[in-house]
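Take a look at the structures below.
Next, two complexes with subunit A in common: one pairs it with subunit B, the other with subunit C.
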Partner chain A sequence: MKSPAIKPLHYAGVLVAVALAALLPWFAPNQFYIHLATVGCINLMLVLGLAIIARAGQLSMGHGGFALVGGYVSALLSMKGWPPLLTLFIAGLAAAVIAAALGWIILRLRGVYFVLVAFAFSQIAVLLALDMSSITGGANGLVGVPPISIFGYVLRAKPQFYPFALGCALTTLALTWLLYRSPLGTMMAATAENQRLTESSGIDTHRVQVIAFTIGSGIAGFAGALSTHYLRFISPDSYTFWESVSYLTMLVVGGRDGVLGPVVGVLVLTPLPELLRSTEGLQHIIYGTVLVLCLMFVPNGLASIVQMWRARQRVTTTSATLVAGEVP
Partner chain B sequence: MSMLEVDSLKRSFGGLVAVRDVSFAVNDGDFLGLIGPNGAGKTTLFNVISGVLRPSAGTVRFMDRDISGQPANQTVRQGLSRTFQAATIYPEATVIENVARGTLGSSLTGLWGGFLSNKWRVAAEEKALHVLDLLGLARRVGLKARELSYGEQRRLGVAIALASEPRLLMLDEPVAGLNPEEAAELASVLRRVKAERGVTMVMVEHHMRTVMGLCNRVVVLDHGTLIAQGTPAEVVSNPVVIEAYLGKEAVHA
Partner chain C sequence: MSMDIILAQTIVNGLMVGMIYVLMAIGFTMVFGIMRIVNFAHGEFYMVGAFLFAILYGSNEMPFAVSVLLAVGATALLGLVMEWVVFRRFRGNELNGMIASVGVALIIQNSALLMWGASARTVPPVVSGVLSVGGIVFPWSRLVVIIGAIVAVVSLNLLIGYTRIGRAMRAVAQDSEIAQVQGIRVDVIFPAAFVLGVSLAAFAGVLMAPVLSVSPFIGLAPTLKAFVIVVIGGLGSVPGAVVGGLLIGLIESFAGTFVSASLSEILQFLVVIAVVLLRPQGLLGRKEREA
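Our next item is the complex of A and B:
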């Protein structure tokens, strides 16, 4: 039962939001805002990747590890002279292949064991980046990663890079939305909600979870590579365990259902530390307080406020049609 | 023709043998009741047949194909579907979404189809509506599954299993926990499903009135062993069965 009145409003809202995001470079007071928006775009991709994995009922604490792998793959290949536009996709593919192999083994582990192994993977990725210093530059990382160039147009400055990052983020957003509406996305949601019942409906839930893990981690690899070409630098510290935690925080604060949750989570939590910077020593305390308040009062994420409103619309229209059907 | 053949099936958990050398057949069009005292191994037998558990020994043949040890998601695609003891539904999804999800395993789009078109959803919801109509839930389609009454949730569980269009439906205690009216309603719904869809059914059930009213054949398990089979009337007058349920004294009394 879809209420037809909401739909056009819905599309208009999406259009306005996209237009505002695209016009940002023109009304941003200084470059720092553009930088923040670019970081937001990259965060959005990472959180969407995490959301896809969560959609199938799994929690990946190794998300940063896949971003790290993607970043190094793209940095190393492009420093050898490969075009960065190509290595971005190779980075995503490399992360996806590792996730598929790892997922096939570890997704047989349920719940907390999966979380631990994914965590271990991200730690191993960091340690490898530190130890293989002849290739990765060790703790110093890789400096001077080439910028992305599109048909000779080099994305070196922030106002040039931002539209590309926004395009990547919006494409990821659109593809995630399509995925959620597809049979595969429906199987993911079903698996997360009741795995035994989904299995008994003829769906190989293990395979569905491996696919979700592969797609989500592949997106992380791409986003990690994108960030590396933006900052022109990657080191083992670029994606530690704490980055994985912060993506998870954005997902939980924003909301796990649908694509709106990650958008809200990224919009709220990417600028928050910067806004709190003026409070000097208090910023971590305030950040923590905001998180706790969110979890206490909107446990399903900030986006669930919109969904609650929509659900109320749905119930009223449903009962209205039911009553209309009963009264002769 | 026998649709399901269970041959010397055995399942043990460590040293405990839950199902021991059980053989029986389900014919096309049967409504078979599987009864026995608590702990007789009925649910284990169910889980082994439907692929939730692997057999320790023996074979399960369905439509002349060996399905022993196949995972549940494959037996469903061959036409053997089941329900679970507790209400197994997707509580946060709408009623129609619950049943639409049940159609996915047998839908033609497979894993990767249906990204750009909505046709699969229209087809799934149409199929789901038919099943819901059959089970008397058509007026509940827009509600969330958790908003249904317990009796309705049990019927929804049957609807989800039916959505995969099975040839054989296995019901694990379908009326457990229902009040007499709800139990009678579910029984009449099952009778209707059988008549309209021609689905062969196997049911684990304690509620003897439901078994007597629905089943044409009954298999009795005790301590993991098959102790009797026959029509409901034959089975309830069988001294071995009475002994298993009520103890030796009852038989001699």
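Our next item is the complex of A and C:
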């Protein structure tokens, strides 16, 4: 993907968006909006993780499994008295280590096998959480996970937790953006574009994909842990296959290229279940329909509409200047 | 109960579950081999088949054969519609086709939930009584499942191996462009293969409905099993699906009887990892052609 030069206007746009997000607790009508925004931040991290894997040309149907692993690791360690601020990172690391081992084995195979085995892994994670009830509490899950505290300041209430979640999400966003512009990011994009050609130019595409899978799954582990400390609860039902599907939907609906896509996808689809709550069972059907329709008509996601519109404008302005130049 | 009775029944259970998985895996691998679509909605067609059978045979007390035909036929029709509306647009596009199938799974599962409710239903047994061989008894209800599945697999093999349309399907699976050049109507073969795969899933659902209970959520587990079997047996290989399916069924049955059900799941996953490490093309699969 081309990365056009950043204009001052873009900086301004990003600044305004960040400022609006940061100021939300002051103008939100009630706590529910802050809750929704916090969930959005956590979703954004998960979708960014998925986007990084997709950037290297792979699709993870087991993303929820890594969030589940992260959630349990952080919950169990912090319940033993470890500081949650530390266990968040251990959770991310644990998920990353599992992903690295799994990825090293299964990414030697073609794409489809990877999808199948990653999906199987997430199911195994749920089953293990159910079965090892002496450690994980079985189907009841773990209740009373300690809240995050930063230097003695405990993030217990929603307005206190939100800035922390926003900070984590923005940091992830910035790091993803930097990753995409780094040499590794270029290698990832090249691998997705044409694996053989990339390999023939001396890049170990297997390694690139394993690294992308490790980073993406690590982020999922961190985000799963963050969510667990926010809700103060985790159970095997917290991250099932359908959660993995909803992250995938956000990614596809928003757009798979760049960092704008995940942001758009999360902004559109996080509030959707709440808006559709009154329609009860219909909401999942609508979710599925949105996913299929998006793939049919805007396969590059909603973010690509903006790009298309911008490209067309550029064309019309250049032709306008051309015409203007020709007329004496 | 003496040991050999438990053993014999564990084997019968393993074969029964295994044959159901075989049916699921064959349909799944066929759709992938021909259309290049990983169908995450495959298990939802199993669920629809089981549900329709439960309604026709269980609730409306229609004759057995009519119920089977109607349940499988209606599910096949649903498959045809889905192929026509959705899957046809994603032929050859593995990534987007797979994501679209997830959307289809969401739609089918939740439509079933909306129409038929979340509570599980039971279907009266089709046959009763036991078969007694040398003092060991086998319930007929389970033997019927095994026999039905074997009949389906054998007739499918005959269809693929010895008929015009079967030969055409194999040709399309090998190379759809060349097949088209040879005069094979690819636009007929694609929906035919999809409907055939879906019908196998629906038939598996029909066979299983009297043995297990039926609810809108039963589709995901056999889909997962189909994936595992296909990786073990080799993607696109029908004999591989048979061997992999029976292997998984027996592991499940033995581990479930003698140790614990979740251990069997972990064991199956380890088998998958071992196969990927040692024999990446699957037990009976051929190496993917370098395209």
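Just so it is clear, the second predicted complex is superposed on the first by the 285 of 328 C-alpha atoms of A that agree within 3 Å, B and C clash if a C-alpha of one lies under 4 Å from a C-alpha of the other, contacts with A are read in each partner's own complex, and residues count from 1 in each chain.
Heads up, the rule we're going with is that contacts are C-beta pairs under 8 Å (C-beta built on N, C-alpha and C of every residue); 3 or more make two chains touch, one makes a residue touch a chain.
Just so we're clear, the structure is a prediction, and the values are computed from it rather than from any experiment.
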**Report entry** Which superposed partner A:Asp237 touches (first subunit B, second subunit C, both, neither)
**Finding:** neither
Query raised in the report: Touching A:Glu274 in the superposition: subunit B (first), subunit C (second), both, neither?
Result: neither
Requested in this report: Give one of first, second, both or neither to describe whether A:Tyr113 is in contact with subunit B, with subunit C, with both, or with none.
Outcome: second
Report task. Considering only the touch criterion stated at the top, classify A:Ile285 as touching first (subunit B), second (subunit C), both, or neither. Result -> second
Report task. Go through the superposed model and pick first if A:Gly202 touches only subunit B, second if only subunit C, both, or neither. Result -> first
Query raised in the report: Does the superposition put A:Gln123 against subunit B (first), subunit C (second), both, or neither?
Result: second
Report task. Return first, second, both or neither, reflecting whether A:Asp131 touches subunit B, subunit C, both chains, or no partner chain. Result -> second
Query - subunit B or subunit C, by number of subunit A residues touched - result: C
Query - Where subunit A meets both subunit C and subunit B, residue numbers - result: none
Query raised in the report: Within the complex, which stretch of subunit A touches subunit C?
Result: 59, 61, 105-106, 108-113, 115-117, 119-121, 123-124, 127-128, 130-131, 241-242, 245, 248-249, 252, 281-282, 284-285, 287-289, 291-292, 295-296, 299
Query - subunit A residues within the subunit B interface of the complex - result: 1, 178-179, 181-184, 186-187, 189-190, 193-194, 196-205, 207-208, 211, 314, 318, 322
Query raised in the report: Touching subunit A in the complex: which residues of subunit C?
Result: 32, 38, 40, 86, 89-90, 94-96, 98-100, 102-107, 109-111, 113-114, 220, 224, 227-228, 230-231, 235, 260, 262, 265-266, 269, 272-273, 276-277, 280, 288
Query raised in the report: For subunit B, which residues count as touching subunit A in their complex?
Result: 50, 52, 71-74, 76-77, 81-82, 84, 88-93, 100-102, 104-107, 109-116, 118, 120-121, 139, 142-143, 160-161, 163-164
